[in-house]
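You will see two complexes here that share chain A, one where it goes with chain B and one where it goes with chain C.
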Partner chain A sequence: MSQFLEQIINGLVLGGIYALIAVGYTMVYGIIQLINFAHGEIFMFGAYFAFLCVTTFGLSFWFALPLSMSLCALMGMLIDFVAYRPLRNAPRLSALITAIGMSLVLQNLARLIWGARWRKFPAEATPALLTGNAISLPGGAQVSFLDIFIILLAVGLMIGLNRLIYLTKIGKAMRACAQNRVAANLMGIDTNRVITVTFAIGSALGAVAGVMVGLREVTEPAMGYYKGVAAFAAAVLGGIGNITGAMFGGVILGVAEALGAGYISSEYRLAIAYIIMILVIIFRPSGLLGKSTTTRA
Partner chain B sequence: MILIGVVCLPLLTYGADRFVDLLYERDIVLPIPSGDYILRIVVQACLYMLLALGLNIVPGFTGLLDLGYVGFYLVGGYTAGLLMARLGWSYWIALPLAAIHGAIWGLLRGAPTLRLTGDYFAIVTFGFSELLFRVVKNEEWLIGGPNGFVNDIPPPTLFGYEIYKYWQQYYHILILLALTILVVYRLQNSRVGRAWAAIREDERAAESMGINLREYKSIAFAVSAAIGAVGGAFFAQFQVNISAGAFEFWESIFILCMIVLGGVGNIKGAIIGAGILASLGELLRIIPFGGARYLIFGIILILIMRFRPAGLLSMRQQN
Partner chain C sequence: MKNRARSTVLLVICVVTFVMIMGFSLAGCENRNEIKIAVAGPFTGSVAAFGEMIKRGAELKAKEINAAGGVNGKTLTLLFEDDTGKEKEAGLVAQRIAGNRQILAVVGHFNSACSLAGKPIYQRAGIVELSPGSTNIKVCEGSDWTFRNLYRDDFQGAFVAKYIKNVLGENQKVVIFFDNDDYGRGLKDGFTEVAEQLGLEIIATEAYDRDNTDFKAQLTSIKAKHPHLIFISGLYSQAGLIASQAREAGITAQLFGADGVDSPDFLEIAGDAAEGTYVSTPFVFELGGPEAQRMAMAFEEAYGIAPDTWAALTYDAVGMIVEAIEKGGENRKAIRDHLASINSPEKGYTGITGLTYFDENGDCAKPAYVKIVENGRFVPAAEQMLGME
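Let's look at the complex of A and B:
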């Protein structure tokens, strides 16, 4: 029983992290119908930026987190500007191949700069607030302060994002672009600006997830690939293009993965994400919350 | 001229080796790599050409992006490797069985994805190959070794002679490659090839013209997968020991990069692209900058898509 509770909490934390990454995939897909493979790499760079701020530059963690978010937002905008914008009107497969190329470039750049070795976030740089166990559950399961912090942060950011999308002018513009980019442009919305903002927001949220994974697990060049694929599966599960769907998809996938790793085999962690992703695409391509649409050519 | 060069390559490298030996006896040391080394790289390049031709069928002829081609390479490699190393079967039986096994997986993967287009198809193919990779890596009862390790795959025998020297392997892959080129060319210029082109240009229009999408897509998946499996079977006996690490996702992207470089759907382009990237990959392995291989492949993908979406060979840009 205590193992079950522990795995559920583990899954919720993982789910929060996946949700943070998945909204980046889903927002970009909603507007320009592109699977941004490089998003996982931005998440990885987020972890590295925070790691470097804390170790090399000796900054406080509470300063490193927003700094890493802004750097990643810049990076996301830059990637869009350099690689994706010139292909806006090209066949969609061209943009997809470019995104794969971008992912390769960034992942191997990280490997070249920082080496393939994983790094652990230094314990002395972790804020005192986030160390130690907070609550003992009945049966001996422990919940750490860090886990609670991650869940709260993810929920807070998701609520913030939701408010941004539904209550602000830029959010309205984003929703308009997601419905019909050409029509939105005709209505006087600067679609390129909206796309840039979308990339910035998605990347900043991805950076938060990266820093959290760096704190809880390790920082390594391959993390963007592993976590990125799982988060993408979460976005598909929730219905790609649907932001609320991505949040729920993340949580469901996180719990499923934690339970699967705990009870089946930890070697098959990722396999669970792949299987869910394939089943959803084959049987319900619109996802749990997505509207079923006619196929777009 | 080129053809004679291709056929006589082992003779040339043999001659070069003897020449270097002669000079060596006179204390002249030239920085020429040994003939065997060159042959090995050429064999690998030919193998990649074969794989690129096989992959080319799905994205190139039918317009569906396949991100999991390495899955069929894996099926072929393990089918042949296990049959030969564990059961002691002859390579000449294992090779066609591997091709058939690959084709079966191609159809199995194809069946549920027939309705899918674009990104969704790409994602399913990616997930499929990753699942196969994980199964091979973790299921020791199936493979008989950790990390999908199969060792001591015996060399194939022909008329009682074992084929294991590089020049023998060179002719071996050359014949397989020639057969593949023949098959692919004949298919492209046949009724099937024209149906594929119609599907690629406009699926719905093709269907309303009476082309059976299900049937023609399935043919493409099966042929493409079978060629990949043949490549895998060759790889297994050439490498002698195989492990799951050779069949990671990035290998699919490497092969995809080759056909993108040469022009998706272009047979000559696939061959030339594979030749360039396979040798480039080997060159980059020599320099200390080795970790940057995939960095350069990524840059190639981005630049080609940006400036030459129809490949290096194309004279003008395609819309």
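Let's look at the complex of A and C:
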């Protein structure tokens, strides 16, 4: 029983991280129908920014996290401005290929700057709050403070994002753009600004996930690819374009991965998670919460 | 009109032929005072720390050879080819090397999966592949062109199993945690077979994927089984994370890694969690002869860090190829024939890592050692089991 609870928590941590990345994919897709493959790389840069802040510049972790978020937000906006905006009215395939190219460029840029070596977050730079020993839950399960922190942070940010989208003016503008970008523009919404803000928010959330993975696991140039693909799968599972769907997709995928590895076979850990995704897609082609719409001509 | 077109075509053909002949003869000129061999390994990617040591080990040997007058009076040039530790990339690299006639031999690849991917390509092209790091049983099988200068995983697996039984105690409950690739799987099989014969209790076998960095799910199920020892059949980067995540999860079992864990970067990634970990390895500098100590000093002087096992084995591999060129001849076939003729201890090549000679497969019998992490450093374990077959 305690093992089951521990596996669920492992899954929730993983799911929280996937969800944080997945909303970045899904928000951008919702508005400009672009799968931003470079998003995984923003996540990776987020981890590196925080790593550099605490090692090279000796900043405190609590300062490094928001700094990394802001830098990634800037980076997301810059990528949109440089790579995607000129192609806004080009065929979708051109933008998609540009996104793949951007992802490769950024990944190799990171390899060039920081090398291919794995970087472990220095133990002395990790805040004392998060290094505490495992705490015991009723039933004998043990959880680390860091894992609880990641789950709480992910939940908090998801609620925050939800409020932002449903209660603020910019959120309303984002929803309007997602429904119909041309009509939103005609109604006087500055769609380019909305897109920029979307990129900024998605990238900042990706950066949080990056910092958490750097803290819990490791920072390396290819991390964005592996976690990015899983998060993208989570976004598809939840219904791409749907933010709540991305959150649930992430959690489902994470928990499936942990339980699959724990109880079925560790050799097929990822396969099990993806089989669940494929099954969902077979029965609900537009994902769990995605709306089935006909493609606009 | 027709005539003019024909003469234009003729002219073009003449020019192209002329340029090609000039080009080849120029390349030939350049070739005359240069000997080229390729060094293929993971210079980037998740196991780049191996590649870094391989590169430096090879460079140091080449520098020493050139300082001593070169190969038959010609300059030895190394071409480094990056296979990123992935078999797909290794296949491409192998094709590129095989197609370049100026390259006389290959030192590499490092990862077993990469050596296996390159093997048929090198065999078809007829160029020697001498691996300083691949230990999978099948690496040298079925090709006359593939050799290696270290033990195989059936030997290493048996060695680790015997070491655990003889040194760490009889009634060990062991969990195997293996990297799901050629190296990790092969070594796991070699270990399991002998461990069961020796009566070690293997209570679980878990796998992980090379691309993954989160091992908590597997470690949670490992923890529930309360093992005495976890044998990590994989590479240093994942092993480092496994060590730190295992300690975080509250697992106190003894950790034992295979030679894939033998890299200074393991200590860096695992941090304090590395303490007390055993690793098996094909070479330990502290137990090597005076030549090994001299090489270690030269290496530290050149690069500012101590060499690791793989730098030493690559250093020797380059030495063997050069000897084969000098004694055999300056072509691909002569190098292979010379290496194949090194088939007894008397004819063996004595390098810093000991005596190397090949069996009919291209494999060689070399000893294994054990290191332990003490105060953040690898040191030779107090108990060694040399001379064990």
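Here is the rule we use: the second predicted complex is superposed on the first by the 267 of 297 C-alpha atoms of A that agree within 3 Å, B and C clash if a C-alpha of one lies under 4 Å from a C-alpha of the other, contacts with A are read in each partner's own complex, and residues count from 1 in each chain.
One rule holds in what follows: a residue touches a chain if its C-beta (ideal position, glycine included) is under 8 Å from a C-beta of that chain, and two chains touch if they have at least 3 such contacts.
The structure presented is a predicted model; accordingly, all values stated were derived computationally and were not measured.
Trainee: Looking at the overlay, what does A:226 touch: chain B (first), chain C (second), both, or neither?
Mentor: After superposing on A, A:226 lies in contact with chain C but is clear of chain B.
Trainee: Based on the superposed arrangement, let me know which partner A:111 touches: chain B (first), chain C (second), both, or neither?
Mentor: After superposition on chain A, A:111 lies in contact with both partners, chain B and chain C.
Trainee: Can A:274 be said to touch chain B (first), chain C (second), both, or neither?
Mentor: A:274 sits against chain B, while chain C stays out of touch.
Trainee: A:264 in the overlay: touching chain B, chain C, both, or neither? Say first, second, both or neither.
Mentor: In the superposition, A:264 contacts neither chain B nor chain C.
Trainee: Hey, what residues of chain A end up touching chain B and chain C alike?
Mentor: 111, 116, 265, 267, 270
Trainee: Which part of chain C faces chain A closely enough to touch in the complex?
Mentor: 44-46, 48-49, 180, 206-209, 211-214, 216-218, 220-221, 223-224, 237, 240-241, 244-245, 248-250, 265, 268-272
Trainee: Quick one: which bits of chain B touch chain A in the complex? Just the residue numbers, please.
Mentor: 59, 63, 65, 67, 112-113, 116-120, 122-124, 127-128, 130-131, 134, 137-138, 202-204, 250, 253, 256, 260, 291-295, 297-302, 305-306, 309
Trainee: Could you list, by residue number, the parts of chain A that touch chain C in their complex?
Mentor: The contact residues of chain A facing chain C are 2-3, 6-7, 10-11, 13-14, 111, 115-118, 120, 123, 134, 142, 144, 213, 216-218, 220, 222-223, 226, 257-259, 261-263, 265-267, 269-270.
Trainee: Over in the complex, which chain A residues touch chain B? Could you list them?
Mentor: Within the complex, chain A touches chain B at residues 33, 35, 83, 86-87, 90-98, 100-105, 107-109, 111-112, 116, 229, 232, 236, 265, 267-268, 270-271, 274-275, 277-278, 281-282, 285, 295-297.
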